Amino acid sequence: MMDTDIQASLAQAPVRLGMVGGGRGAFIGAVHRWAAGLDSHYRLVAGAFSSDPENARASAAECGVAADRAYASYEEMAKAEAARPDGIEAVAIVTPNHLHVPVALAFLRAGIHVICEKPVALDLAEAQDLAREVARSGRIFALTHNYTGYPMLRQAKAMVAAGKLGKIRVIQAEYVQDWMTEDTHSKQADWRIDPARAGAGGALGDIATHAYNALSFVTGLKLETVLADLTAFVPGRQLDDNDHLLLRFEGGAKGMLWATQVAPGNENALSLRVFGETGGLEWRQENPNYLRYTPFGEPTRILTRGGAGTGPEAQRVTRTPAGHPEGYLEGFANIYVDVAQAIAAARLGVGYRDAAYPTIEDGVDGMRFIEAAVRSSRDGGVWTRLDG
Amino acid sequence: MMDTDIQASLAQAPVRLGMVGGGRGAFIGAVHRWAAGLDSHYRLVAGAFSSDPENARASAAECGVAADRAYASYEEMAKAEAARPDGIEAVAIVTPNHLHVPVALAFLRAGIHVICEKPVALDLAEAQDLAREVARSGRIFALTHNYTGYPMLRQAKAMVAAGKLGKIRVIQAEYVQDWMTEDTHSKQADWRIDPARAGAGGALGDIATHAYNALSFVTGLKLETVLADLTAFVPGRQLDDNDHLLLRFEGGAKGMLWATQVAPGNENALSLRVFGETGGLEWRQENPNYLRYTPFGEPTRILTRGGAGTGPEAQRVTRTPAGHPEGYLEGFANIYVDVAQAIAAARLGVGYRDAAYPTIEDGVDGMRFIEAAVRSSRDGGVWTRLDG
Amino acid sequence: MMDTDIQASLAQAPVRLGMVGGGRGAFIGAVHRWAAGLDSHYRLVAGAFSSDPENARASAAECGVAADRAYASYEEMAKAEAARPDGIEAVAIVTPNHLHVPVALAFLRAGIHVICEKPVALDLAEAQDLAREVARSGRIFALTHNYTGYPMLRQAKAMVAAGKLGKIRVIQAEYVQDWMTEDTHSKQADWRIDPARAGAGGALGDIATHAYNALSFVTGLKLETVLADLTAFVPGRQLDDNDHLLLRFEGGAKGMLWATQVAPGNENALSLRVFGETGGLEWRQENPNYLRYTPFGEPTRILTRGGAGTGPEAQRVTRTPAGHPEGYLEGFANIYVDVAQAIAAARLGVGYRDAAYPTIEDGVDGMRFIEAAVRSSRDGGVWTRLDG
Amino acid sequence: MMDTDIQASLAQAPVRLGMVGGGRGAFIGAVHRWAAGLDSHYRLVAGAFSSDPENARASAAECGVAADRAYASYEEMAKAEAARPDGIEAVAIVTPNHLHVPVALAFLRAGIHVICEKPVALDLAEAQDLAREVARSGRIFALTHNYTGYPMLRQAKAMVAAGKLGKIRVIQAEYVQDWMTEDTHSKQADWRIDPARAGAGGALGDIATHAYNALSFVTGLKLETVLADLTAFVPGRQLDDNDHLLLRFEGGAKGMLWATQVAPGNENALSLRVFGETGGLEWRQENPNYLRYTPFGEPTRILTRGGAGTGPEAQRVTRTPAGHPEGYLEGFANIYVDVAQAIAAARLGVGYRDAAYPTIEDGVDGMRFIEAAVRSSRDGGVWTRLDG
């Protein structure tokens, strides 16, 4: 799975990790900690977990972070950690969206690698600024479009690339939830429906971007124009909670994308269906160990993670044998493993050819997508080119 | 299930049925014969099965139609049957689309009830002409949007009407096939891709109309505007084989509709998902005996045909107990039973309150939908109001 | 699908059918009428529908049977119909179990073909008596083990016969219901739990025999010994409502069979899984259009009725294209079509090679199975050889 | 989720863990390391990974274990670690079965807590010896019947205990694999089919015990008698690869258990179905986030991990929100978390009431089950009481 030297480096010295955001009661911070812990390639040693000092202190204690490395602000943390000989090598940014770029800039400028939640920025311009800083810094920047860590999505990508479907014609992507069906309020919900903290997209930035990233990852197609009909169904909600999008890709493929947070009976139903001239694929995140594959004119095959018919791209990120289901955290952890190896390679000054984690390019592309969709919808639902 | 007198009338004298189209090798003609036969409420006694005399004669023999009632043309058939004391009471029209209206007009003018395949006409104007003749004639006109005959789609309609979902917000409809993935040619395929016989829509008229009819049937919502991106992916094909549609309904609900005949791995995957303020429903034609229902905040229930939780609207069209699956022909036959009862009521001069079969109004509405979608797509994919 | 002369015979003159049992409120009588009606190869013209005269008369009227052919007893019916020039050619026996043999004998002796419900008799000796009479009479005797009419079970049989699984090792059969979970009473339930009318087996005769027939049909294996643990869970119930069986076949294959009527959440869950040295199959009655097939070491294939990979044995009993689901009545009707063709062949004095309907041999074998299982359980659950 | 002091203890000082077995190429050792790593409650600091010195050394390096704590034998390791002030607090035993008891005894006697793979011993007597030592030592002994760590199996247990199913009548348990369909040889396979290393049961000890443990865990019923028909289908194989068992429980419930490693098309299909007087449950390990629940006479509910209708027993072991699937490693890790908390409580000298991990009692009970089943089968398949 890994180059021997890289593996040895990580076994001897796990990556020293810090976290910004992710205090008590936050969902995604815990997810990053599990993802980092699973393979024992990281040790969480510092954090600015919350803007609330009491929460920050308590969260650090719960995470086993020493009191003197529990910071009150990310600026302070970046500075102090950069100055320590045993300072963090990487930071995980799990704040609301509006802080992604400022925090990332602070750590990159301090020479620290960054693992950042999506969407990467509040708007395209900010994302492009960040991209320039990433390039300048030479540091690793990984964006946790975690669903691309699932083995069977890797398998799907490999099959498309190998021509198993022929030329792609149609893409159907969905991300369907129901948790915001009512006018719900919680730590999780509130920033997501506040344009100042979430950006111009609600469901669009929160989940449609995942679907867009997944379809781009699998097909490799470039989206040319988008037409969006964004709606906020819950009265008083300022950001969209239901998104209907039509897609047109370079080369003639077309697609539909539905993202919603108001569809009762759906939990986290990200799915992707891809159809080409000679075959079709179907993958569903809630049962991620399966991939349906149909060569046109033949019976559908059920490919399983770890089972017959999966190739090296999926096997590389497979831990347990077929039938021993892997889930969300394993997929997420695959991104973390990949980044750890990249960091170890950087330590050793060697190349790392296998990188498959999402990068700032994915982040910029996601913002392009969000901005075009928002513009399309504001103009009444018209075909809109992706800029930039 | 039925009024006693109506039932007695049908038991004593099944409806005398004729058929236009449906000769050897045609799929849909056989379907109508099975649907008519299942409950023994019809007897097929006359036909103009084919424009090819040899096929017409052979088809009649296979169907047990006497040689003297195997006609060479529908005009002749309408005239001759109207003149016989034991002439047909109803005709089933199962020709390619361009003949629906001329044949229907001929039989309605001869005083004969009509059961007609969809889409009802080549264009809206023709459908409206037919609607006027239906009204004038006082005859029964049933359109075989057969999927509305499925018990669990009736159940879905009843639940929406009873407010189980609250106000409807989002509708997702699909009709996904793969049989035209390649440049296929057959009796079935050829007229469907010929604008002169199929009309302006390919997949649009053939299958998208079913999805549209199903969603209208279940939700009762009126479509205001549509935006369509129609594509013919197979080189040289003159009509669309993949349709991406966005929908906006009166009252604010929104929808997406995907119809395709080029998605490998899909056979006849009509599905409907409806979401309201307080609940959601999901139904899939290929496993039609199930309806998923989720009251928001509670576990999903699997309602089954004939099982606990189904109401009178579904039970009325249920033959076998739960777990004894009913299929496509049973659903189709439910339309035929309904029409038979309406015909028997007409014989008796009594009212028939339970009619649930699709009518010429559905046909006109379907043509409105097709025309708006075709116009939208030709204009580049713009929001287009339904006319008429 | 059929020989031309046979087809012509049936088209010109559908089989004249009578029915014994199946009056108002009976489930299985209606099923036989739908099964006979679907393909228009039969006309129901006589009946002894009920031992209750009022029910008998009303049922006849509902079925369109003339009053003078609505008989008060089956003996009278057999005699009268045999004497008419237009008398019935075949009778469908849909009574409780204890009447199967007496009624069948009466009609066979009157020279009339018999279509009979299962289990064929109250005990093995009675079944063997009947078998002798069938042989003597030269009449057709079909037993409605209807599940063998399903196309994908035919496909399974063909694949086993073709060696797709290699030598069979393990068979898992289930028939799981819940409708008798409580001490329910109804026309349907009462005779099934009365040893005088049902025989020595409750769930055993009612449903386990179907599972046993299905596994015998598909694998062709001969059962040598059975071990049964039969239970009546509902207090006061005289016959078993839950059956656990272990099976040992000639040649070394082994099996398990579970039949129950007290498993909440199950409607009519007959299933069959067969595993051999090189592959496995799985079929489920409630979604009968699918067959899972796994060649060892390869991905599982989903074979679909009418789809790629199905052979002539399944296609012969397939009406609608893939994705247009066929159900319980279509499978049942396949048995009726087969018998109609055999009757027409008999009319014509020609051979009929394609017969696949269950016969008296299946009936005798089923009684052997029931008797051995009852004996095994009464002896405390011991290995018991099938006799006879 | 945890008592504050316990949590603080673990955050400040993760449990120092050692491992015996689990060298390169072993599956289950890696599983234990992931399970221990996920929540950062353990640090692996010592190991006797292999009897092969080169493998032992390389495995230690890969796991980040210092060279001086990579031991050549478990005896040496127990002695050395017990003597270190920073010695391991617990050991994970992931060797072939025959070593479980000797290794466990060595560490218990050294005062070190034990986490041990199943089946716990080669025979019942050995397991009972171990049970005495566990009691004497006062140390924690956890058996990794990991499937009981799945949230929805906890939910099932809680529902049965709360009477949601009424009195239990029928239990159906399966554990179905195909990886030993052929005469396969590998590190994984070889010791499993060697009586000297695996014990008297093949599939029986390897997987049937898991199914037995799961059904005991959920229902709380005590098995009285078992009847087993064990088979080795692959020529030359010394231990069973296919097990058919009938079960009779105290109080009258009955069950069937099928375990196999030769059923092509099945990967790791552990499933459990439980039916009582008023309801039924169904759970399948390969899609572990769902639990089907049917109150008799009502529609089936799909309970989801983290979703509506799950209680505190499941929530306690739930990490991610509904729709973000948890898998095998999360379930396994739940056992590890539970043990870590018990160890921290022991450190603090406080009680730990929430323990739900399987113990030596489960181990002894599993051996009782294996021995009775082996005896039953050797005697020809007869009802056999569980001893001891």
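For clarity, chains are labelled A, B, C and D in written order, and residue numbers in each chain start from 1.
Basically, a contact is a pair of C-beta atoms (placed from the backbone, for glycine too) under 8 Å apart; a residue touches a chain by one contact, two chains touch by 3 or more.
Treat the numbers as computed from the prediction; the structure is a model and nothing was measured.
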Of A-D and B-D, whichever chain pair has more C-beta contact pairs: A-D
Per Cα centroids, the chain farthest from chain A: C
For chain A paired with chain B, centre-to-centre distance based on mean C-alpha positions, whole Å: 44
Inter-chain centre distance, chain A versus chain D - centres from mean C-alpha coordinates, in Å: 34
Approximate Å spacing (C-alpha centroids) for the pair chain B, chain D: 55
Residue numbers of chain A (touch at least two other chains): 266, 293, 297, 300, 304, 307
Category of the chain touch graph - line, ring, star, complete, other: complete
Sites on chain B touched by chain D in the complex: 293, 297-304, 307-309
Chain B residues within the chain A interface of the complex: 165, 169-170, 172, 178, 181-182, 227, 229, 231, 233, 242, 244, 246, 248, 254-256, 258, 260, 262-266, 273, 275-282, 292-297, 300, 380-383
Residue ranges of chain B in contact with chain C within the complex: 7-8, 10-12, 14, 27, 30-31, 33-34, 37-40, 44, 61-64, 177, 179, 266-269, 285-289, 304, 306-307, 319-330
